[in-house]
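The structure appears below as structure tokens.
Here the chain labels run A, B, C, D, E and F in written order, and each chain numbers its own residues starting at 1.
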């Protein structure tokens, strides 16, 4: 089984962290094909950079999906997820979508903790789009972005643990998602000091993509007749889907 | 890996159909431990029989969960699901909950087709409880109950296919769940005549239970001090949870 | 007029408290037929014990409903309410349903105060099921269960009054329901120290059951053909409904 | 017990129909004090006439509430209900509010049938305001207004029965409210030809007002210091509330 | 262009403040026709006074709408707005409706700050009626009524600024509406001390009414046949609409 | 006043149609600066092409916003609207957002008619994001895309009129938005055969952008430190915003 793992920002370092963690989870049974966004910002922390990342994710899928069995859109916030599902020949799993589903099957109300203040309203809109807003207890952000946390995780652990604990004790969450590619693997380090279970978003997405490989997506784009300025692979994908 | 598969109604024949299908999906890597409800109705097609089945499912879990790694509540409608999650030492997956999540990750709006008219409003309440009502395009029921369909599937295929097609063409569903233990395996027989993908609820639940084995549930009942008239195993489970 | 008053837990002492209070409200015009659950836990403070109580309430109704004019499901949280309505030959009123309706007709937003921490999310789901979540200002629970409060009400009054006051001053409730069989009659003792009206759930349910006696329920279960392990009365009720 | 029954339109004939029906329900134990709106339209079938009726209902309450134990706002649509509750010294029950609550306690989903096309969206807004929109299956209006139906009920029975039946068979309602003062007493004439129970709104409101007499309202207007052009009784009520 | 500006309370002083501010915004291109309510309370701070103001606004429109091109219902809370839209021959804009739309097009979540405690739940219902409740971060009221603020604005500025700031920092609002005719022009005085943009409701409504002049309303009342006690102009408007 | 009018697809012909219509509405007082997307599909009829268009709209804004007073995102569906608002130095108005607000201020429930089947669920999600889903009566699409309609409008008029009429008579809409750049100016041709008012989305957006020029947006992106593969103007805008 080959998994196309798309990091839609332009930080190859984040892609490496993600690939290492997903390979650990996958074991010998799966090959991970990691790809970094070809254009855009090194981290996504606003609607503007997320909009560009949606295009970059489509571009990456078009270039690399051949011979893969499933696609893991490995950015918490899932930029372009619905668009990728439309055109992909194989199943696509988003990191935030999978994390929210896993959280809902484990408790009544879930919370999200992530880095970067603008992600708060962006993720709230995302959860509304999933239809799960009544299950959401809170979203709490810490000041450093996911990118900054990835570069210096130790100094962020205390803030993340405090935010997770506040989700449980003040907001009534039964379970907390630690969201973000840059936060891969941090959940185990703070679980002991948080009174409710923590879900690592990178792991939740990875488990979901392994389970999704038999699925066929339901919505397909009509082919377009021509295009301007897109990569040849993306133009081809949109024209023959 | 050992999966406790609970059929909370009292039809051992339905349990056999379920176990056969789940064993096919599981392959050699998992042992399926099928259990039939110890009391209640032979099929569940009303709130009254579902209420009794919630107790029967708890009773079955208490008796058989030892040495199992996960629990599959294998009745579409998931009677007692929240109660089982509270007291189970291992993860619990409900057939309808898993099916609705799988449907939401594949399309914008999903529909449910099942047998037995009273299931319509009961499942609508269930979907509202999941928080997914805005994603639900329609629920359509056919007249025979799941139990009757299981005993004579051939005569039901036409009605089921027509209902699934109507969900797509009249209600705007992108994907349809064919719900019910008694309908295990029928999806493949009608897929060709339905314009959108069909999810077999028995399979969706099985895939989810295999993926859920690492999860820990988030809500735990406080122990009760005594009880009357419960099975010894259930009394013990409630008293030491 | 004969009212079947079902206490679906197994504490005969709580049944006695309830019956005394409902008889006071009823006066000479009604006969109260109190029944205690035949099996289950002595108090209900979790989804697991509530699931068993739903079966016990059905069992009690089946055994005792003959010659009664209405049924009062006298447990705040109304375990099995929809199931009882399906099979009962006479109207059924739930304590929590009636309390929430009374609260909504008196103010914009209501709150609930009750005993036992797990009741918080359980009642929130119940209110969502009624469709009244936008009218709900807050649910606040105090640590002792309703059962413990019933055995030592004096030591709980201060905590209950503080919680009711917080619902008004911090959560913006116009009216507070003091919910739970074990809290029968306590509202009058704390009203003076709370700035908004308090509704006693036991009284609200009693008033509603007297008013409901002319109603016919709208949903009826289809009869089942056989069953296993149910009381003869319940099996008969399900088979001939 | 004295009930102030306010008909906020200016048709004394409708007031007489209402008073006769409410007296039948009340029996010897209650005195009905019927009042007709002092100004406004003879029937209410638009937002404009309803806005005027809200003022007229306040005006009537101010003039006649002394010595009464409860107020019945006897117009389906309840113009001014929240305003009356604010200033009334005794409980106020609205015909539509009471009918919707009775419907919700009897079935999963209810429908409303009434006369006058503009009432459709007005009642939909009213039900949203109650928080019960998820329980509403449909609102169907017939062309004649309530006033016209009251003057020639026989010719309307067929249309009303057909609309009620469509609510059940096409819209999935478990119970239908026949709404409107002018439709008092018609429910029994069409029940036999409709497959689900019909609630007469005049009766539902009357039962609720008898049950509400012990309630105190929760929201009180701050007194105003002066006013222009209001009746002396209304000016006094607003200034001393 | 002639704008009928209706102040539906009976304070001519507030009308003067409003007219001055709207004339500044309008410049030479529009003539403002200010009208004060003919009956009712000098300020609106409860549902009861708002109900009377709905009638007064209709009465004012009927008397003065001839030769006007649009109507500005210049009271934050928009009493009678839907009724005015029904019967007006020209477009009608409500101050609160226009302010909420302007806020939604500028940020994710908006808040409202106004004077008079009862306006809190009244405005919450208003926003629910607009369908915008998910966009509403908070409503905060200060103790003085809008009328009192208009008479002594300097002493209120500190409280208003603190409330606006709390909406941003505690409630997460991106933009705050300073609502109320009596607060016209105060936004500029407190903007410097508030971390998010403030919308002056009087200005937002004025901009909207200038833009709305080409619109035709969609819902029209059926004419009534006679009426009692209404002004001749209002009776005529209702009878010939 | 200079308005930057962005057509985010790559059809210069559609840009010309839009610019002509907006210039008619603007008159002499405004200069329209029309821009066509630099890359992407010639028409947008799927989530994939919309995702690319969001990037193209950002790219166009970055290149051309200097010296403009406001931005009109002139594509019904508003790809990238929230992202543009974040980074724009001047107000941004989306065609669909403005149309839905105009519709809501004119009637209770609105409908949308547009070209291209996939736009149905995409626009439904858009309306949910605005918070206006309870006001939406229906979305009906006709088979030709907006692009095809623009090239041969005459043959589409009948289908569009029929869809608008069905929104009114079957779905209960009070007002219908004829949505899409390619449908500019068609509303007047079909209004006579449709029983409710029709809003031309191009005009509604144009009116809103003229009114919005004094607004400041509320949410601002944090600057990014570097980027890959973006146009110099866009990289600069993201880095200095």
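Here is the rule we use: a residue touches a chain if its C-beta (ideal position, glycine included) is under 8 Å from a C-beta of that chain, and two chains touch if they have at least 3 such contacts.
Small disclaimer: the values here were computed from a predicted structure and weren't measured.
Asks: Hey, what chains does chain A share as contacts with chain C?
Replies: Common contact partners of chain A and chain C, which must touch each of the two, are B, E.
Asks: Between chain B and chain E, how many steps is the shortest route if every step has to go to a touching chain?
Replies: 2
Asks: Among the chain pairs C-D, A-F or A-C, which one reproduces the interface of E-F, with more than half of its contact pairs identical by residue number?
Replies: It is C-D that reproduces the contact pattern of E-F.
Asks: Between chain B and chain D, what is the separation of their C-alpha centroids in Å?
Replies: Each chain's C-alpha centroid was found; their separation is 44 Å.
Asks: What whole-Å value do you get for the distance between chain B and chain C if each is reduced to the mean of its CA atoms?
Replies: Taking the mean C-alpha position of each chain, the two centres sit 29 Å apart.
Asks: Using the touch definition from the top, which residues of chain D touch two or more other chains?
Replies: 85, 108, 121, 125, 128, 133-134, 174, 219
Asks: Linking chains that touch, what shape results: line, ring, star, complete or other?
Replies: other
Asks: In the complex, go through chain D and note every residue touching chain E.
Replies: Within the complex, chain D contacts chain E at residues 10, 37-43, 45-52, 54-55, 58, 80, 82-87, 116-118, 121, 125, 128-129, 219, 221-222, 224-230, 234, 238, 241.
Asks: So in the complex, which bits of chain B are touching chain A?
Replies: Answer in residue numbers: 85, 93, 97-98, 101-102, 104-108, 130-135, 174-175, 196-197, 207-208, 210-212, 214-219.
Asks: Once bound in the complex, which stretches of chain D touch chain B?
Replies: Where chain D meets chain B, its residues are 108-109, 134, 172, 174.
Asks: Could you please specify the touching residues of chain C with respect to chain A in the complex?
Replies: 120-121, 124-125, 128, 133
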